[in-house]
Amino acid sequence: MSGKGKSQSGLRLRVWRPKRTSPGAAPGIITPSDDARKPRLFVTSYNSDQLFEAPFDSMDGVLERLSRYPDLIHWVELKGFGDRKMLEDFCLHFGIHRLEMEDVINTYQRPKLEEFDDHLFIVTRLLHINSDVALRNDQLSLFLFKNTVITFQEGYEDHFEPIRSRLRTGKGQLRSASSDYMAYALLDSVVDHYFPLLEKLGEKLDELEDELFTKPTRSSLHRIQQIKRELIVLRRTVFAERDKVNDLLRTASGLIRDQTKLYLRDTYDHTIQVMDLVESYKEIVASLMEIYLSSVSFRLNQVMKVLAIISTIFIPLTFIVGVYGMNFSYTDPVSGEVLSWNMPELYSPFGYAGVMLFMLVLVVIQLVIFWRKGWLDKS
Amino acid sequence: MSGKGKSQSGLRLRVWRPKRTSPGAAPGIITPSDDARKPRLFVTSYNSDQLFEAPFDSMDGVLERLSRYPDLIHWVELKGFGDRKMLEDFCLHFGIHRLEMEDVINTYQRPKLEEFDDHLFIVTRLLHINSDVALRNDQLSLFLFKNTVITFQEGYEDHFEPIRSRLRTGKGQLRSASSDYMAYALLDSVVDHYFPLLEKLGEKLDELEDELFTKPTRSSLHRIQQIKRELIVLRRTVFAERDKVNDLLRTASGLIRDQTKLYLRDTYDHTIQVMDLVESYKEIVASLMEIYLSSVSFRLNQVMKVLAIISTIFIPLTFIVGVYGMNFSYTDPVSGEVLSWNMPELYSPFGYAGVMLFMLVLVVIQLVIFWRKGWLDKS
Amino acid sequence: MSGKGKSQSGLRLRVWRPKRTSPGAAPGIITPSDDARKPRLFVTSYNSDQLFEAPFDSMDGVLERLSRYPDLIHWVELKGFGDRKMLEDFCLHFGIHRLEMEDVINTYQRPKLEEFDDHLFIVTRLLHINSDVALRNDQLSLFLFKNTVITFQEGYEDHFEPIRSRLRTGKGQLRSASSDYMAYALLDSVVDHYFPLLEKLGEKLDELEDELFTKPTRSSLHRIQQIKRELIVLRRTVFAERDKVNDLLRTASGLIRDQTKLYLRDTYDHTIQVMDLVESYKEIVASLMEIYLSSVSFRLNQVMKVLAIISTIFIPLTFIVGVYGMNFSYTDPVSGEVLSWNMPELYSPFGYAGVMLFMLVLVVIQLVIFWRKGWLDKS
Amino acid sequence: MSGKGKSQSGLRLRVWRPKRTSPGAAPGIITPSDDARKPRLFVTSYNSDQLFEAPFDSMDGVLERLSRYPDLIHWVELKGFGDRKMLEDFCLHFGIHRLEMEDVINTYQRPKLEEFDDHLFIVTRLLHINSDVALRNDQLSLFLFKNTVITFQEGYEDHFEPIRSRLRTGKGQLRSASSDYMAYALLDSVVDHYFPLLEKLGEKLDELEDELFTKPTRSSLHRIQQIKRELIVLRRTVFAERDKVNDLLRTASGLIRDQTKLYLRDTYDHTIQVMDLVESYKEIVASLMEIYLSSVSFRLNQVMKVLAIISTIFIPLTFIVGVYGMNFSYTDPVSGEVLSWNMPELYSPFGYAGVMLFMLVLVVIQLVIFWRKGWLDKS
Amino acid sequence: MSGKGKSQSGLRLRVWRPKRTSPGAAPGIITPSDDARKPRLFVTSYNSDQLFEAPFDSMDGVLERLSRYPDLIHWVELKGFGDRKMLEDFCLHFGIHRLEMEDVINTYQRPKLEEFDDHLFIVTRLLHINSDVALRNDQLSLFLFKNTVITFQEGYEDHFEPIRSRLRTGKGQLRSASSDYMAYALLDSVVDHYFPLLEKLGEKLDELEDELFTKPTRSSLHRIQQIKRELIVLRRTVFAERDKVNDLLRTASGLIRDQTKLYLRDTYDHTIQVMDLVESYKEIVASLMEIYLSSVSFRLNQVMKVLAIISTIFIPLTFIVGVYGMNFSYTDPVSGEVLSWNMPELYSPFGYAGVMLFMLVLVVIQLVIFWRKGWLDKS
C-alpha cells in the first residue's frame, strides 16, 4: 500500500501559500528555504552576429558582461535559490521590487503578469512529466527588460535546450529579434510542454475506458480519481496561464512590440486549445466514473442472476425430495393396520422414476422461462 | 472486440497540437508531414460573363492566370500539402505570414479568424459523415483577398460541388458578387454540413432511448458513451465556429461588405441553431445515462423479486417437510415401549394428506400477500 | 408499444434546419415543400372609425385594397405556402428580402428580430397544446411596416380570435393605435399561450411526484423523460423569444413607438416569468429522477428485507430438523449392540416436543431482534 | 395521505400568470377576481410635528386629506381589491397607468421597479411563515410619489406594525425624513422578513441531516423534496428582489435621495446575504439527497450481510446433515449381505457426536473469517 | 451522539442576520447583545522614531492621545462591545455613521468595503482554527482615517501579534509608512490566516481519500459532509473577501496610496489562490462522495459474491443428498415384492461412495467456473 501512497503524493494538491513563517509576518522578506540549491548563473548574449554563452560565479561577472555589451540581447538564467545575497543583488541592480523577488522564491505562485515602468514580471508554471512518470509542476519566473531577459527557476533541469539550439544555429528570427521575442520563445516553449502531457492523459483515458468496458476493477476507480486530481491541477494552471498570455497581448507596455504580439497570439491559441482539451477530458472522466458505477451494478446483477437461477431451480426440487423424505408411516406401528393414505407413492413400483421425471420436466420449464426472460443472456 | 476498437478510434479525442518536433522548436516552420499528399492546384475564375475552371501543375500558371485576368474573381484551391516549396511560394506571392501557413498544414487548429491588412485568414472545421459512417473532422483554411479566395485542404474530397454547380449555371448572386460572397458561400456550406450530422445523431438518440426502455444491454452503455464523445467534439468545434462567424460579422475590415454580412447573419443563425441542438442533445444523453442506470437497478429488482418469491414460498415448506423427516422414534428401541408424544402425526391415517393440505393453504396465503404487495406485477 | 412511440413522436427534437436540398445550395431560394397547403389570404383593415375584414384570392386584390385605403391600418394574413408565385409577389411588392422569405417558409427558425430600413422582420414560435394533447410548435412570421402588419403561418388554425373580437368590438386601444400596437398585440398573444402550457406541465409534475412517493412504476420514468424533453424544447424556444422581445425593446427603429414599448415591457416581464418557471420545472424534474431512483432502491430494500427475514428464520430451523433426520443407528446392525451415543434424543419420550419448543423459542428471539433492528417497520 | 397533500399544496409552484381570460385578451384590463376582499383604505399622514392615522371609506376622503395637508408625508394603504371603481379612481387621481394597476391586482408579479416621470412603481414579494407554518407568498405593490407613498395588498394582514410604532414614538429618522425614506422602511421590512424564514429552514436542514445519519426513513426523502421546492421559490423571488433593490440604487430618478440610497445599500447587503444563504442551502439539500441515497444502500448492505452470514453458516451445515439423512442401505435387502462401504459412519458408536463436533468447528472457522472480513462490525 | 452534535455545531451555517428585534425595526440602532464583553481599549501610536502602546479605560484618554500627537499614526483597538455609550462616542468623535456601527456590532456581516468622504469602512472575516480544532469565524471591522486606523472585534483574542512585533522591532516599512499600510498589514494578515486552514483541510481530504479506498465506514460519510459544510462557509467568505480587496484596489479614494496598492495586489493574489484551492477542494469532496457510494456498492458486491458462491455450490448438493433421503420403498410393504425401480442406487455396494465422488466433481467444476468468471478474485 505504501507504493500507492507514494505514487499519489505527486498529485496531492499542494497549497500555494506564501512561505512566511506566520500569518501577519512582513511581506517582501527574501528567505530561501533551507534546502534551496546552490545558485548557478548562466548568461547567453547575442545579436545576429555574435553569440556568447557562459556560466558565471557571481553577480559581478554578469553585470560586467551586461555593461560591456550594451547592444547585445542578454538572457540571464539563475537556477537554485540558495544564496540570499545574490537574490538581493538582483533586486538592487535590476530594480526588482522585493515583493516580486518574494514571489520568485515562493515557487507556488499562480501564473501572472505584473507590469512595471521598466520591466514586466511574468510568472509561469512548467508542467511536465518526469522521467519517472510523475507530474512535475515547476515555476519559471521571468523578467523582461529592454535588452535583457532574466529567468529564475528552483531546480537545475534545462527545459529550453531547443531554444539554445535555435540560438546556436543562428537561423530563424530568434537571433535577430529583440528581447521580447526571446521572452515569447520561452513562454511558448512552456505552453508547448502541455501537449505531450495531454496526449499522455488522453491515452490513459482511452485505456481506462477500454478497461471499464471489459474488466473494471477497484484499481480502475483509483486511477480515475488520480486523473481527476491531475486535471484539477492542470485546469487551474492553464486557466491562469491563458489569462496571463491574454494580459500580455493587451498590455500597453512598450516592452512587447506588435510583431511579437503576432506570435503571442499563436501562443494564446495554444492555451485555448489546451483549455478545450482539459475541459473535454474533465467531461470524459466524469462519464468514466458513471461507467465504473454502472459496471459495479452490472456485475452485481450478473452475480445475482446466477444465484437466482440456481436457487429458483433447486429450491423447489429440494422441497419435492423433502416431501418424499417424510416418514409418514404406511402401517400403524401399534395395530399394524395399513394407512393407505399415507404416501402411497413411496410404494408404487415407478414412484422414484416418476418423481425424478417430474423434477426434470420442472427444470426444463424453468429454463425455458429464464431463457425467455433473457436471464441466460450474457449481457 | 477489434471491431469495436476500430469504430471507436474515429471518436477518440485527438490532441490539436502544433506539429513541432519538440517543445521549444521555432514557430513558423513549414514542414508538411511525410505522408502528405501530392498537391493539386485548381483555379476557378469568373465574373458575371465569364467562367474558367482549370487545374494547374505549378504556381507559375496560377500567377499568370491571376495577372492576366485582374478583373475576374479567382478561387484558388490547393488540396494536399506534399510540396513544401509550393506552400512557401504561396507565402511569398500572396504575402501570407509563415505562422498562418503553419496553421494551414497543422490541421488541428480551432476555427478562428485572423485579420491582416490585405487579407483575412479563416480556419474552419468541416465535420461530416464519411461513406463508412465514421465522423470525419477535416480542416479547411481560407484566405480572403480583394479579388481572390484561396482554400487549402489536406485531402482530395470535394465538399463544394453544389457551389461549382451554382457557378456553372450562372444564376443567382454568386457569379455577379464579389470575392467575399464566395468566402461566405464556402463558410455557409461548411455550416450546412452540420445539419445531416445532427439529424443522424438525433436518430441515434431516439433509437437508444427506445432501446433503453425496452431492452437495455451493456452495448447501450457503450453507444451512449460514443455519442457523448461525439458531442464533446462537436460542441467545442461549433462553439469556435460560431465565435468565428460572429467575428466576421463584427470585423471592421473592408474585405467583408455590408450586403455580404446580411448573408453571414444567416450563417450565424445556423451556427446558433446547431449550438442549441448540441446542448439539447447533451442534456438528453445525460438523461439516457440515468435511464440506463435505473434500468440496471430495475432488472436487478426483477431478479431479486423472483428469487424472493420462490425462496419465501419454498423455504418454509422445506422446513415443514423437514420436520416430518425427523426420525423421532415412536417406540423405545430397547424396551419397545410406545413413545406416544414423538410425532404421532406420522401415524395418523390422514397425516400426509393433512400436511400437504396445510402447505397448500400456506402457499395460497403467501401468494395473496405477494399479490397485495404488488410483487406479482410486471413493473 | 406502437401507441407509446406515436405519442412520443411529437416530442422528439426536430432539427431546425434550412430546407435546402444539399449543403452548399444557394441561399434565398423560395421553394415551398410539396405538401404545403393552398394559400389563404385575409386582410383586416381598420382605424378608429372603420373596419373591413375580407378574404382575397390573389395579391392583386390585396394590393388594390392597400392602395385604396392608405390611411387605414392593414393586417395581411397568409396561411399556407403552397403558391410559390404568391410568395415571390410578397417579396416584390413589399420589398421583403429573399433570405427573409426563405426563413418564413422554412418553419424551423429560432425566434428572432431582424431590422430593415422600412420594416421589421419578426419570427416567433407559437407553442400550444393541440386538442389531442400533443405539444404543437408552429412558426408565426411577422413583418411590421409603417401602416401594415403581414403575418405568415403554415397551417390554417386561427390563434388570434380574441384579437379579432377586440377589433370588432372597437373598444380598447387596438383600433385607435398604430400598426406597431397590432404587432405587439399579436406577439403578446403568442407569449400568453405559454401559460396554459406551463400550468399543464406543473400539474403533470405534481401528479408525477405524488405517484413517485406512493406507487412508482417503470412508466413514471417514461413520463419523467417525456417532460424533460418538453422542457428542453420549451427552454430553448422561450430563451430566444425573450431575447427577441428584448431586442424589440432596445431597437432604435422608429417603427416601434415609445408608448408601444411600455406594453412590450409587459410582454418582456411575461417571458421572464415563463423562463423562471421553466428553470424551476427543470430543477423539479431533476429531483423527480432522483426520487425515482431512490424508490427503485427502496423497493429492492423491501424485497430483500422480506427475503432476509424469511431466510434467517427458516434456514436455521431447517438445519435443526435436518439434524434429527440423520440416520445414525442406535443399534449396531451386525452385533445389535446399542450405540447409546448416537442420537439418544430420538428415543427420549419428549424429544419431539422438546425440539419443537426449542425452535419456537428461537423464532421468538429472532423476531425480537428484527423488531429492534427496525426490520419489521413499514418504511 | 390527504394531510400530506394539503401541507404540500402551499409549496406547489404556482404559475405567475396574467389573469386574463384567454391568450390574446386586451392588456390593462382591471378586473378583480370574484373572491377579492372588500377594500380597506387607511391613511397615515405625518411630519416631524404632526401624525394623523385614520381609515377612510372612499377615495373622496383620502383626496380631501391629501389636498388639505400638502406639506405632510402621506402613506395611503389599500387592502383588498374588491372594488373595481376604487382601483380606477386611483389610476385617475394619481396618474397610475392601467398596466401598472393590472400588475397590482394580478398578485403573481415578479419583484420589479418601473420608473415613471412623477412616480416609481415597485412590486415586492412578502414571503413569511404563517401561524400554521405554511409558507405564504404575498405581493406588496408600492407607488412612490413626491410626498406620498401608496401601498396595495390583497389581504388584511398587517406586516408593518413595527413601522407604525416608530412613527408613533416619533423618534428616529422616519418622522423627519421624506417619502422615499418611508418607501425604504417598507422595503427593508420586507427583506427583514426573509431572515426568520431562513433560520427556520436552516433548523429543518440540521434536523434532517441528523435524522439521515441516525434513522433515515421514506419521510425524510419527502421532506428533502419539500425543502427543495421551498428553496426554488425562495431563490427566484430573492434573485428578483435583489435586482430590484439594485435598480433602486442605480436609478437616476430624483425621487430617491442620496441619503436614502445609503440606507438602501444596507438593504441591498441584506438581499445578498439572503442569496448567499439560499445558495448554501441548495448545496446542502443536494448533499442531503446523496446522504439519503447512501443510507438506503447502507441499510441494504446491513440486511444483506445478515442474510449472507446466516446463509453461509447454515447452508453447508444443512448439506452435511442431509448427507447423513441419506438412506444408503448397509445391508442388501435381498441377500442381507452387509454393504460395508455404504455410510459406515452411521454405525460408528461416536458418529453422531463426531459430526456435531465437526459442524461446530466449521461454524467457529466461518465466524473467524467473517470477523476478519469486518462483516461482524456494526458499520 | 451528543458529542457528534457538539462538534458539528461549529459548522452549522449561521444566519448572518441583522440583530434587530423584529422585521421592520428601525435601522442604525446600536444595541449590543446582553452577553457582550466589557470593552477593552488599546492604542498603538507610532512613527519611524516613536512608539507608544497603551491600554485605555475610556474614550477621553484615547481622544487626548490622538490630539496630543497629531503627527503619529494611531491604531485604536476596541475589543468587546459591552458598553453602548462608548460605541456611540466612537460614532460621535470619528464621524462614523450609525448604520456602520450597527454593522460593527452585528458580527455576521459579509466582507465589504464602504467608502465615505473622510474614511473607509472595511468589514473582514477572520476564519481560523481554534485550539480545540473547531473552525472559528470572527468579524474584524476596520475604519481607515487619514492618520488613524480603528479596529473592532467582539472577542479578546489577539490575532495580530506578528504585526505588533514588526512595530516594536522598528524594522521594515510598517513604522515609516502611512495609516493605509497599517490597514493593508491587518488585512493581509487576515488573508494569511486562510492558508493553515486550507492546509488542514487538504490533509483531511487526503486522509479521507485513503480511508475510502481502504476501509470506508459510515463515519467517513459523516466527515465528508462536515468538510462540505466547511467549504461552503469558506467559499462564500473568501468570495466576498476577494471582491472587497478588489474594491480596495480600484477605489478612487485618496486614503489608499498607490504604493500601498502594490502590496494590496499581493493580497489580492493570495485571495485568488485561496479561491482556487477552495474550488479544487469542492471538486475533490464531490468525487470523494462518489467514491464512498461506489465503495458501499463494492462491499455489497463482495458480500453477495460470497453468498452466491456458497449458495451455488451447496444448494445443488443439498438437493442431491435430499434425493437419497427419499423413502421410496424397495419392497412392497404388503406383498413384500421387490420394487427394483425404486432407488436401486441405495442398495448398490458403492452407492454412497459414488454419490460423494459425484458431488466432489460437481464442486470442482463449479469452482473452476467461478475462477474463470473472476468471482474468486479479491477485487
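Going by the order they are written in, the chains are A, B, C, D and E; count residues from 1 in each one.
In this section, a residue touches a chain if its C-beta (ideal position, glycine included) is under 8 Å from a C-beta of that chain, and two chains touch if they have at least 3 such contacts.
If you're wondering where the values come from, they're calculated on a predicted model, not measured in any experiment.
Among the remaining chains, those touching chain C and also chain E are D. Minimum number of contact steps separating chain A from chain D: 2.
The geometric centre of chain A is 41 Å away from that of chain C, both derived from CA atoms.
For the pair chain B and chain C, the distance between C-alpha centroids works out to 25 Å.
Shared interface positions of chain A, defined as residues touching 2 or more other chains, are 293, 297, 300, 304, 307, 311, 315, 318, 322, 325-327, 343. Per the touch definition, chain D reaches chain E in the complex via residues 159-163, 166, 172-174, 185, 188-190, 192-193, 195-196, 198-199, 202, 206, 209-210, 213-214, 262-263, 265-266, 269-270, 272-273, 276-277, 279-281, 283-284, 287, 290-291, 293-294, 297-298, 300-301, 304-305, 307-308, 311-312, 315-316, 318-319, 322-323, 325-329, 332-334, 339, 341-343, 374-375, 379.
Note for the complex: chain C touches chain B at residues 1, 5, 12-13, 15-18, 20, 22-28, 97, 99, 109-110, 112, 114, 215, 217-219, 221-222, 225, 228-229, 232-233, 236, 289, 292-293, 296-297, 299-300, 303-304, 306-307, 310-311, 314-315, 317-318, 321-322, 324-327, 330-331, 338, 343, 345-353, 355-356.
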